[in-house]
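Both of the next two complexes hold chain A, though its partner changes from chain B to chain C.
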Partner chain A sequence: MATPINLKELSKQEVRFTAGHRLCAGCAAPIVVKMVLLAACDYPVVVASSTGCLEVSSCISTYTAWKVPWIHNAFENAAATLSGVESMYRALKKRGKIDKDIKFIAICGDGGSYDIGFQSLSGAMERGHDMLYVCYDNGAYMNTGIQRSGATPTFADTTTCPAGVVIPGKPQQRKDLTRIMAAHGLPYVAQASPSHWPDLMKKVRKAIEISGPKFINIFTPCNRGWRSRTDDAIMLSRLAVETCFWPLYEVEEGITRITVKPRDKRPIVEFLKAQGRFKHLFEPGKEKMIEQLQEMIDKNWERLLKEEEMTSPKDEGNE
Partner chain B sequence: MIGWKDIPPGMVILEAGSALKVKTGSWRAAYRPKWIEENCIHCLLCWLYCPDNSVKVKNGKREEFDYDYCKGCGICALECPGKKGKKAIVMEEEVK
Partner chain C sequence: MTKIVAVTGNEAVANAFRQIEPDVCAAYPITPQTELMQRFAAFVSNGQVRTEMILVESEHSALSACVGAAAAGGRVATATSSQGLALMWEILFIASGLRLPIVMPVVNRALSAPINIHCDHSDAMGARDSGWIQLWSENAQEAYDNTIQAFRIAEDMNIRLPVMVCYDGFIISHSIERIEYLEDEIVKNFVGEYKPLYPLLDVENPKSYGPLILTDLYHEVRKAHSEVYKRVPKVVLEVAKEFEKISGRKYELFENYRLDDAEIGIVILNSAAGTTKDVIDEYRERGVKVGLLKPRLYRPFPYEEVANALKNLKAVCVLDRADAFGGSFGPLYLDIAASLCNFSQKPILINRIYGLGGRDFMPEHAAEVIEELKDIAQTGKIIKLKEYIGVRE
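Up next is the complex of A and B:
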C-alpha cells in the first residue's frame, strides 16, 4: 500500500538525500529533491542529474549526498543518459535478470532543461521512455554566477543582462517550458511549487504511476541569485503561486486542470519587492515596467483559465 | 587523506550518503535556530522544509536540532506556525 501523503507517515520514511551537501544556506533545491524522493518513497528509484547547482554540490569529490543510484554525465544530456539507463533496465527485465519495479527520475536545473539540455529532453520525451523528468527552475545559471537563462523572468537583473541605463534587466520574455512539454503530447505534464507540498507530492506520485514520459516543472527560489533573504524560499514560492506568476496546473492526456486557484490573486508587486533582482523596477519612472509585467501575468493566467475550460471533459447530461 | 589510488575508476562513489561526513554546521555565521518545545504543535513543517535535514523526528514527534549540519538559513523559523501566535522556532545569536 502506498504511504499516505501526511508528514507523520512520511517522516518515518528514509530521506534519500542526506545532509552534508554543499548547497547554499536556504537553497530550495534540496527541499524540492527531498519532496520528490519522499513522494516516490514506495519505489526504488534511479536518479540522473545534469550539470548544475544540485549536481556540483551534492557530489563533490568522494562525497555524495544521494542514497539512491545516481548518475551525472554532462550538462546537455541528463535525459539522454537516463534514456539509456531505462532502456538497459527494460532489456534486462525482458531477459529475466531484474524483477524489481524501478522508477527513473531526472532532476535537472533550468539551464539543463530550458536551454542546454533541451534537445535531449525533447528527444527522450518524444521517444517515450518510461521516466519522470523534474526541472527545478531557479531562473538562471546560478552555479556559474547568475547568468541569464531561458527561464529568467523579464526585467530580472542577472550578471549577463545587468539592469542599468542601457537595458532594464532581461529584455526578453521567459520561455514557458511546461507548455512546450505539454505540446509534446505527453501523458502527464505538471507545474508545482514547494510551498504547496501536498500538491507537489500528489503530482509526483501520479506521474510515477503513469507509464511513459512525464514532466514536472518545480519552482525553486535561489536566495543568492534572486538577491533575497536566506529564509524566504518557501515564502517566495507561495507568493509566486498567489500572484499567478507560477500557476499550479497539470495537463493529463491533453486535459488541463488548475490544481490550486488562489482565492485572491495578489498583485505581482508583492512578489517583485521581496527580491533584489527586481529592485531597479522600484526606481522613479519605472512604474510602466511593473504594469507591463502584471499585464503579461494576467494574460497568461486568463489563457490558462480558458484552456482549462476548453479542454475540460463535457458533462453529457448538461448538453 | 584519500589519494588518487583509492578512488574507483570512473569516479564512482560506492558509499551512499557519504556527504554526511561533511559537517556543514560550521557554515553558520550569525544566527542559529532555537526550538521552544512548549510552543511546538509537532506539525513537522520544519522537518519538511529544512534543506539540510537538521530537524530530527522520532515516531512523528519533533526532536532537537542537529547543529552538525544546520546552516542557519532560518526557513524553519519563518515558516513555523507555532502555538497561539507564539513561534516554536526562533533565530538567536550564534555561539561559537
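Up next is the complex of A and C:
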C-alpha cells in the first residue's frame, strides 16, 4: 500500500537527501528535493542532475548527500543521460538481469531545463522514456552568480541584465516551460510550489505512478539571487501562488486542472516588494512597470482559467 | 566456420554489433555513419537482437545517453562521424573521466567549413586527447575485427575506458569488400558476458557518479587517471592474441610492413596504407629498401615501440589526412616526431598532407613521396618540411 501523504507517516520515512550538503542557508532546492524523494518513498529511485547549484553542492570529492543512486553528467544533458539509464534498465529487465520496479527522476535547475538543456529535455520526453523530470525553477543562473535565464521574470535585476538607467532589468517575458512541455502531449505535466507541500507531493506521487514521460516544474526561491530574507523561501512560494504569478495546476492527458485556486488573488506588488531584485520598480516614475507586470499575470491567469474550462470533461447527459 | 561475404564496411561493423548484441545502443544519423546504424536498427526491428535503441535528437544526446546507460551497468555502443563527433566533444571527456566502457565506431569524415561529407581524419584527430582509446582500421575486415576486440579492451577490468574504432568514410564504409565473418557463437564467447562495475541500477548499494572535485584532489585524480593508459597496450596485445586464435588474423599495436631492413619509410593511417603497400612492393622489386608503419593503437600512442621501429631509418615521411592549422604539423607527424626526438640516431622526418575531404590518394602520390625520400636519404637535404600533396594546380 502506498504511504499516505501526511506528516505522521512521512516523518517515519528515510530522508534520501541527507543533511551536510552545501546548499546556501535559506535555499528552497533541498526542501524541494526532499519533498520529491519523500513522495516517491515507496520505490527505489535513480536520480540524475544537471550541472548547477544542487549538483555542485550535493556531491563534492568523497562526500555525497544522495542516499539513492545519482548521476551528474554535464549541464545540458540530464534528460538524455537519464534516458540512457532508463533504457539500460529496460534492456536488463528484458534479459531477466533485474526484477525491481525502479523509478527514474531528473532534478535540474531552470538553466539546465529552459535553456541549455531544453533540447535534451524535449528529445527525452518525445521519445517517451518512463521518467519524471523535475525542474527546480529559481529563475536565473544562480550557481554562476545570478545571470538571467529564460525563466527569469520580466524586469528582474540580474548580473547580466542589471537594472540600469537605460535598461530596467530583464526586458523580455519568461518562457512558459510548463506549457511547452504540455504541448509535447505528455501524459502528465504539472506546476507545484513547496508552500503547498501536499499538493506538490500528490503531483509527484501521481506522476511516478503514470508510465511514460512526466514533467513537473517546481517554484524554488533563492534568497541570494532574489535578494530576499534567508527565512522567506516558503513565504515567497506562497505569495507566488496567491498572486497567480505561479499558478498550481496539472495537465493530465490533455485535461487542465487548477489544483489550488487562491480565494483572494493578491496583487503582484506584494510578491515584488519582498525581493531586492525588483527594488528598482519601486522608484518614483516606475509605477507603470508594476502595472505592466500585473497585466501580464492577469492575462496568463485568465488564459489558464479558460484552458481549464475548455479542456474539462463535459457531462454528456446535459447536452 | 568462417563465412566469406562481400559487404560494405558499415555492413560489416553492423554485423559485429549484431553478433555482440549490446544492451543499449544510441544512434543519430550522420553521413557516412548512417548506414551502419540503419542496418543495426533493422536487426533490432526484426528481433535479431534484444538491444534497446535510443534514437536521440543529437549526437550530444547520443553520447550523453551512452554515459547514462554505461553507468547504469551494461554493454553500450554508438557510432558517429565528423560534425557528430565534434558535437560530442564535451561528453567524450566525461565518458573517459567516468571510466565508462563505451564502444564507438567513428567513420572518418572531414569537418566543416566548407561542409564536406567525404573522408579525412580531422574528426578523430580532434578527439585524440579526449581520453578515448583509438583503434584505426585499414579496411572493412579490420573495422569488423577491431570492433569485436574493442568491447573486450573497453570492458577489461584493468582498463574500463571508452574506445573509438576509426575507419575511412565512403572509401571503406561504403565500398564492398571481401570479408571473413566469424560465427555468431564464437564472437559471443569472445566478448563474453558483460561484467558491471559499480552499476547505478544496484539500488541497494547507491553510488554517486559525476562528483565535483576542486583544487584539493583534482590533480591527483587526473594523475591516477593517466596511469590507466599505461596498461592499455598490454591489454590490446592480449586481446589481439586471443583474437588470432579464433580468426587466424594477427593484430599488433601497429603494422610493420617491410620495415626491418628499410632505409626509407612511410607512416600512414587507415585505407591509404593499402595503396601505399602496393607501391612499396613495386619499389622493393626494383631494390629500393622502403617500408611502412601503419598505427593501429593510436591512443594511447605506443611511442617507445614506434620509435624503435623507425629510429634506424634514414628518412621517413609521415602522411597526415588532417592538418593542424596555424603553422604546426599534421597530428600524426607530431606524434612520430615526439617518439623520436630523444634518440641520437633518428631518421630525417618530413610531413605531407593528403586526401582532405575525400581527395583520392593515388599510387602516384605514394611514388612521389618515395622518390623524395630516396633523394633525402642520399643527400640529407630537405627541400620542404611540410607540404600538401595531390593539390590541383
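Note that in this section the second predicted complex is superposed on the first by the 319 of 319 C-alpha atoms of A that agree within 3 Å, B and C clash if a C-alpha of one lies under 4 Å from a C-alpha of the other, contacts with A are read in each partner's own complex, and residues count from 1 in each chain.
The definition used in the following text is that contacts are C-beta pairs under 8 Å (C-beta built on N, C-alpha and C of every residue); 3 or more make two chains touch, one makes a residue touch a chain.
Computed from a predicted model, the values in this text were never measured in an experiment.
J.: Identify the partner contact of A:89: answer first if only chain B is touched, second if only chain C is, both if each is, neither if none is.
T.: second
J.: Considering only touches as defined above, state whether A:232 meets chain B (first), chain C (second), both or neither.
T.: Once the two structures are laid over each other on A, A:232 reaches chain B alone.
J.: Could you say whether A:74 touches chain B, chain C, both of them, or neither, answering first, second, both or neither?
T.: So A:74 only meets chain C here.
J.: Could you say whether A:35 touches chain B, chain C, both of them, or neither, answering first, second, both or neither?
T.: first
J.: After lining up the shared chain so the two structures overlap, which partner does A:18 touch, if you call chain B first and chain C second: first, second, both or neither?
T.: The first partner, chain B, only.
J.: Thinking of the overlay built on chain A, is A:7 touched by chain B (first), by chain C (second), by both, or by neither?
T.: first
J.: Looking at the overlay, does A:59 come into contact with chain B only (first), chain C only (second), both, or neither?
T.: In the superposition, A:59 contacts both chain B and chain C.
J.: Is A:100 touching the first partner chain B, the second partner chain C, both, or neither of them?
T.: In the superposed model, A:100 contacts chain C only, not chain B.
J.: If we overlay the two complexes on their shared chain A, which of chain B and chain C does A:26 touch? Say first, second, both or neither.
T.: first
J.: Residue overlap on chain A between the chain B contact set and the chain C contact set?
T.: 59-62, 64, 66-68
J.: What does chain C use to touch chain A in their complex?
T.: Listed in rising order, the residues are 23-24, 26, 50-52, 54-58, 60-61, 64-74, 76, 90-91, 94, 200-203, 206-214, 216-217.
J.: Touching residues of chain B toward chain A in the complex: what are they?
T.: 2, 7, 13, 15-24, 27-28, 43-45, 47-54, 57, 59-60, 66, 68-69, 71-75, 77-79
J.: For the complex, give me every residue of chain A touching chain C.
T.: Answer in residue numbers: 44-46, 48, 55-56, 59-62, 64, 66-74, 76-77, 80-92, 94-95, 98, 100, 102, 119-120, 122-124, 126-127.
J.: With touch defined as at the start, can you tell me which chain A residues reach chain B in the complex?
T.: Counting only chain A, the residues touching chain B are 7-8, 10-12, 15, 17-31, 34-35, 58-68, 194, 197, 223, 229-235.
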